[in-house]
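Here chain A shows up in two complexes: once beside chain B, once beside chain C.
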Partner chain A sequence: MNRPLSASDLSRPGPARIGIGGPVGSGKTALIEALMPLFRKRGIEVAVVTNDLVTKEDARRLQASGLIDPERVLAVEAGACPHTVIREDPTLNIAAAEDLETRYPELDLIIIESGGDNLASTFSLDLVDWWMFVIDVGQGDDIPRKRGPGILQSDLLVLNKLDLAPHVFVDGPATLAEAEAVRAGRPVIGTVCKGPAQQGLDAVADRIERDLLFRDVPA
Partner chain B sequence: MSLDRVPERAPVTGAVASDREMCVFSTILGSAADAEFHEEIHRLEHDHAVDHLRLAKTDLSRRRLRAVTEAGREIAIALPRHEHLFDGAVLEFGAGSALVVRVEAERWLRLRPTDAPRALKLGYFCGNLHWRVQFDGEDILVAVETEEKTYLDRLGPTLEAGEALLIAEPHAAHPHPQPAGHPKA
Partner chain C sequence: MSQPLSLLRMLQCADSAFPSGAFAFSSGLEQLALDGQVRDAADVRQALEDQIFPRWVSFDRVFLRQAHGAADSPEALLALDLQCHLQSGADRLAQASRRVGRSLLSVHGRIGTPHVAAYRAALARAGRGDSGGYEPVVQGAIGAGLGLSPAETETGALHAVVMAFLSAAVRLGRAGAIETQALLAALLPAMARALDAPVAARAGAFSPLAEIAAQRRAETHANLFAT
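Coming up: the complex of A and B.
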């Protein structure tokens, strides 16, 4: 017979794992950096696995940020094919996540940041429970129309750097609307991760807290 | 809900209720086809007392999700990494009701290459796009995991060039469905 767990004890299944994918320079690491203070304020215990091609650049950046205990950041070198280690053979990332789970049993959330890729990258659901895909206005207003698997299949699409839209001749709201249209109702959030006028970050944190940690956050 | 507060005739369940009474299921009790469940669930179905959680096949790989059952009950699932959802998974059983996972029929596009070299080309094309496929005789079947239009747009040039035929059963389930992934199935 199964025994119900106590209401506050969801530790047995382990922490939720989320993926963050997207093209090079779209702002994946910046998004993590911007979310860290929100997670801390909400009492969410976090660790991060970063993926870079042949360096540990993103891991070092997060470790030096002061936003997270450096020991809670692990680096996986993805080699020449960043989507392979998050989809076809995520063994290295699974091992890193399990290592963090063992070392920090209090974790609520493990973030797995993909190496920068193209619009085709997707995450294996054997690796993560949920994943988001980050694009930015600097890539042009036609990115949503290109309908890559990352844009269509992610659980959340983030359109980042909205503050730069006027400077790169992109209509931010129109691009957001087009992204919502191609995703047929799946969520899209526009963000600004850097500078004094951050935007959309609470909405991203709310969705993670509600859908992955099952906390009572309004939809 | 603590163990101390579980009512005497509580259903067998892998769930806990949050402060707002949303159940979080953290284990799978077994398969609806298992001897210990089969007859009773069949009886409950006649009484319209079985609630179903309908999931797309692509969602079966998830260990954590929040969902609404057919009866409109909002639930969450948080399974250990070694457990997998499957068609017929029993999440709750007893006390006059049950909750069972049902997998929605998958949609497949059936394509028939017009000769062997074109079949090779089509196979490469599908693999390059990371499409999930199955083979049935001379046909290749492509799982429709997003909008069907996305696939048809991509296949447009292939179909227009006559390199493959789209066999007209775009909404039919695969004729040889794969068995559920549960080890007891």
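Coming up: the complex of A and C.
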């Protein structure tokens, strides 16, 4: 009775969907906040779906930031396990993304932010086209060596809070080099999302623009 | 259709691995637990027997059965959906029903279940993207699309509602994973009797404890569930 899947079932027109995962406090929301002005400058229309574990904190933070129309931020409260809602059963996020697509046909990107999780977190490709994993130097310089699926399988690994490295006795450049080695050539970008000395954000935006929107951005 | 094939299709859709979004909703159980009204497995069973189970039998089942019979007509499904909307007094439970229903539509749309694309298009045309897609109407249409009998479709739906409540009880720490299986085993005969009984002529539900609990869900508290 069910007809087999064909390529046309799997091709989905509309905005590209990006996943952002990573441990609690690694800076996923801060990265989105820092990228918003760059997207605006580049004429990229964005909406966001947040996945807080048990509250709507991230959604409220983005809605109050002034960086995005609050109506373009939807919170999916799934509770308990952030893996479930982005991997095993991503349907609530798919429905939220579809709602945003219907409401804002001009969108180029929908960013789906996972709830804070552990290194085993990955996104279902039913839900997103591309995803990045955010870790930070405060978690220690051994995080890349732990080789969780998030670190190995993500399309982009972001090592955030590089400015804090000296304060937590971490060698930032060495940790970045180790992450690049562990990922065997898949991209890694170091970032600073807050404060006057932001770093790496244009590189993240370039990669999204090039890989997801197929725009001609010099490598 | 051969019985093994329809049973396999029913099992596929009723499996906890089938993505439906239902895991995010507790039908008011979280608030009942916070209020101290549901403390242990005995309380879980009572809430299930007094509130959840009768609500499904007298309300959801009626819409499911009608939708199963009307699955060929998107317009008839839309009318049932609207009726379900008008009769849903507890907004939070209604919202949960719509979110699960629309999740099911999204998944079955992707896997090509018959009737689904036409119904989704009708909902969109009617501008009921946010306010439509009630779960029992969707379940009825999907069951018919999969070639399940009304009884098989109802069995799968009742199983899903009971299992969602029991798994919420486990996550809330009000019953153990094994304890809930004993509870389910004890409930199965009553579930079977309900499924054997005639479907009510009109839909109507009275489950005040669950409805008020779902409405009272504290926004300020850190919640594990969306209802």
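The criterion applied here is as follows: the second predicted complex is superposed on the first by the 207 of 219 C-alpha atoms of A that agree within 3 Å, B and C clash if a C-alpha of one lies under 4 Å from a C-alpha of the other, contacts with A are read in each partner's own complex, and residues count from 1 in each chain.
Heads up, the rule we're going with is that a residue touches a chain if its C-beta (ideal position, glycine included) is under 8 Å from a C-beta of that chain, and two chains touch if they have at least 3 such contacts.
Please read all numbers here as calculations on a predicted model, not as lab measurements.
When the two complexes are overlaid on their common chain A, residue A:E178 makes contact with neither chain B nor chain C. Once chain A of one complex is fitted onto chain A of the other, the partner contacts of A:D58 are absent, as it touches neither chain B nor chain C.
Looking at the shared chain after the overlay, A:L92 reaches chain C, while chain B stays out of its contact range.
By the touch criterion defined above, A:E209 lies against neither chain B nor chain C after alignment on the C-alpha atoms of chain A. Of the two partner chains, neither chain B nor chain C is touched by A:D136. In the superposed pair of complexes, A:D163 makes contact with neither chain B nor chain C. Contacts of A:Q153 after superposition: chain B is touched, whereas chain C is not reached. Chain A residues in contact with chain B (one complex) as well as with chain C (other complex) are 1-5, 9, 126. On the side of chain A, the complex with chain B involves touching residues 1-7, 9-10, 12-14, 16, 87, 120, 122, 124-126, 129-130, 147, 149, 152-153, 184, 210-212, 214, 216.
The residues of chain A lying in touch with chain C in their complex are 1-5, 9, 53-55, 76-80, 84-85, 88-92, 94-95, 98-99, 102, 126.
The part of chain C that touches chain A in the complex is made up of residues 1, 9, 17, 19-21, 23-24, 99, 102-104, 106-107, 110-114, 124, 129-130, 145-147, 171, 222-226. Within the complex, the chain B residues that touch chain A are 1-3, 6, 10, 12-20, 22, 24, 26-27, 29, 58, 61-66, 76, 78-81, 129-130, 145-147, 150.
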